[in-house]
Amino acid sequence: MLGQLVVSGLAAGSLYGIMALGLILIYKTTHILNFGQGDMVMFATFIAYLLLTLFRWPFPAAVLGAMVAGALLGALVDRGVMRWARNAPVTSLFIATLGVGMILQAVAGWIWGYDTKPFPYALRGRPLFLGDVVLRQHDLLVLVVTVLISLVLFLLFKFTKVGVAMRATSQNRRAAQLMGINVGRIGTLSWALGLGIGALAGCLVAPIVYLDLTSMILVMIKAIAAAVLGGFTSLPGAVVGGLLLGVIENLFGGYMPSAIAPLKTTFVFVLIIVVLVLRPHGLLGERTAGGHG
Amino acid sequence: MNALLSVSGLTKRFGGLTAVDGLDFSVAEGQIVGLIGPNGAGKTTVFNLISRLLEPNAGAITFAGQNLLAFPPHRVVTLGIARTFQNLGLFPYLSVLDNLLVGRHRGFRGGVLPLALGLGWGEERRAREEALGVLRSFGMEALAPAPASLLPYGTQKAVELVRALMARPRLLLLDEPVAGMNATETATMAQFIRRIRDERGVTVLLVEHDMSLVMEICDHIVVLDFGRKIAEGPPAEIQRNPRVIEAYLGEEVGRARL
Amino acid sequence: MRGVLFALLLVGLLAAVPLWAKTYDLYLLSLAAANVIAAVGLALLTGFTGQLSIGNAGFLAIGAYGAALIVKHLGVEFWVAIPLAGLLSGLTGFLLLIPALRLTAIYLAIATLAFGTAVSEALPRWASVTGGYQGMRVPPARFLGLNVQNDVAMFYLALAVTVVMVLLARNLIRSRVGRAFIAIRDKPAAAQACGVSLTRYKALAFFLSALFTGIAGGLYAHVVGYISPSEFGLGKSINLFVMIALGGMASLPGPVLGAVFLTYLPHWLSGIRGLQDVLYGAALIGIVVFMPYGAWGFVRKWTAPDKVARLPRPVRAAAEFVLGRTR
């Protein structure tokens, strides 16, 4: 029982983690909390749905297509909307992202309708048995993808010029600008990357929650929670936060009496408050210098 | 001479860095005392410890016979210690007058409920009169309605000092009051600090890099380097002290100024 | 002084609305009134004190259910039930003080989100009291021994409550309390050095915000007559945040404008079938782009003395009279 709950918790948690990665990539360089991420990811996932059903693309190709579409969408949101709103305080900027989200919802509604669509699993073969723990192939795939994405991002930030420029921009925007980094382009890139990864997460979540206009929203709230738990500026923190969130949620749902078990989201959130009160910058977050100079 | 403020064995560590290291000194009532040292010596940290914004790792701070460490930060000003900040502590979106009124926050007595019901304006009006009076006595009454952030930097520093006076402190902590000012402004500020001491009997603890100012107005100087006290005495002695010169020589800016 | 004059004029005009308005208009205005109080409550916390909250719908729910249950079980008058509901909500506001003393910015926002989620998840599961997912009917308000069942009477009650609440907020904002809030928001260390207790004033900000929002909830419950948990979820919290951001959150006219605008926007757009969400979204984006500091910030910018001075003479004279700046 315990092993099973932990393993499926890890699988669900990696999905929160990947979702959170997309959010944080955008937040780190632009300081915008993208409240429209859920809607944007939903839209990109519908693109995958379109490619799968209408054009009968194979699953990996459709996912890749959705990632490209997500990246384009991200770049478009940055260039077409956020760029124009840069005079607004950050607290208002998230309202612009919300506005984009509403528009995308409406457009998706016109194109794909309002009913819930089934979305295929990437792998639907026989589940694996590890002792008495059952692991669906899809869950295994999700875990592998999480590891891969983390690795790719790690390499990107550590070794490529773009990655280093992104890190510099997130640490000190002005200094980065003075060093000749085009922070505008870095911002666009972050939006593209954030939504590209978001689209991937969307395609992996969709088989579980099904696909409709609002199915990504709860996942996105959990992803935000995971990101905050991990420290909000830390990419490894997002993954760790996601995994923890998934496991804790599952354990609570599994062990609590059935009267309380449905309150697992509440429980998770209360737990997050407790963690934050003990560690105000999350588990792996950077402590901002609290000088009083 | 009895000490108004005395600090002993004061230590503050940030992770592995010891910013203030077993510091002892005291400030006699009615004096202007300079606290100097190269960049990063720990001067601002000492101020933050005295204003209780930071918790020391060890040591004691006594003010007017009371153990300062027993008080929370917002009570420090009630005891009689007001301060200014190195990077400006004015509230940018409040007018100069409102900034001054926050400065005498502790003087307000009325409860929240009467305030909400629109009572208690008498107190507010008296506080405004008082603030305007103080501004007038420094020739700044014209500034009263201006948003603080729109004033020139030097003026903001002066306003912040006036705000600190609104609390009627016995001890004033000034963190680099003339940084970024030209010679004329600096001279005016020096006058200003002297007047505060002479006319209001306020004791001053002053952090400043401008050595000519420090040497001119201080009665006593404490020198910090790497969080430790390396010298203490009247200005004339400090100027000749080889350890002080050495500490500053290590730092080009300091050499140029000394 | 001129501000007071204009406010009186506005209230006078609103009081005359029932002379010509249809019941639906009165219903919308009453709804706007409840939103105004909630937005002012959030502005006190987020706009003035700088404590980001995206969980205020939790307080709205507590106020709404509180008022409904109080009236249902105690049968008390409207003017007793509403303050009681507000107080109930206000006291729960202190719950958020524990995280608020340790957290800032996004971290605090998530803590408030957690609170809001907890409330909206707990409500339907406590079905014996709240009526579960279906919600509950709110008994008609009782006022001076009568049941308030027509929209005109409800409108006047809503208007009266709103005027009182806005006045309370105005008095507080102009006092040492408002100054302390802004001081904490902009420079917490300097605020403390001036003698402002962070604990005390953050507690006060959360209490007031919860109190105002709770009263708004109570009023809302009476206006709509039927409440269910789904109205008080994250969407509503964000809706409240959007109100103050669009209006201009560090002012009093800002949240009032924002609340009225956002109450009416869906109504205006509902005529344009199929396009309303797109237009709604576009409106949000447009306002952020063209009025980055909200509608009130926009008004302030374009009525600044230097802007007015550039107007042609007769217009300038009129503008200066209206703005109360004769030089």
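Order of writing sets the chain letters: A, B and C. Residues in each chain are counted from 1.
Here is the rule we use: contacts are C-beta pairs under 8 Å (C-beta built on N, C-alpha and C of every residue); 3 or more make two chains touch, one makes a residue touch a chain.
From a predicted model like this one, the values you see are computed outputs, not experimental measurements.
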Chain at maximum distance from chain C, centres defined as averaged CA atoms: B
Innermost chain by mean C-alpha position: C
CA centroid of chain B to CA centroid of chain C, Å: 40
Distance between the centres, which are taken as Cα means, of chain C and chain A, whole angstrom: 32
Between chain A and chain B, centroid-to-centroid distance (C-alpha), Å: 48
Multi-partner residues of chain C (each touching 2 or more other chains): 189
Residues of chain A whose C-beta touches two or more other chains: 292
Residues within chain B bordering two or more other chains: 48, 53, 85
Interface residues, chain C side, partner chain B - complex: 167-168, 171-172, 175-177, 179-180, 182-183, 186-187, 189-198, 204, 250
Sites on chain B touched by chain C in the complex: 48, 51-53, 72-78, 82-83, 85, 89-94, 98, 101-103, 105-106, 108, 110, 112, 115-118, 120, 124, 163, 167
Chain C residues touching chain A - in the complex, by the definition given at the top: 46, 52, 98-99, 102-104, 106-107, 110-111, 113-115, 117-118, 121-122, 125, 189, 234, 238, 241-242, 245-246, 249, 274-278, 280-285, 287-289, 292-294
Complex contacts: residues of chain A adjacent to chain C: 33, 35, 81, 84-85, 87-89, 91-93, 95-96, 98-103, 105-107, 109-110, 221, 224-225, 228, 232, 262-263, 265-266, 269-270, 272-273, 276-277, 280-282, 292
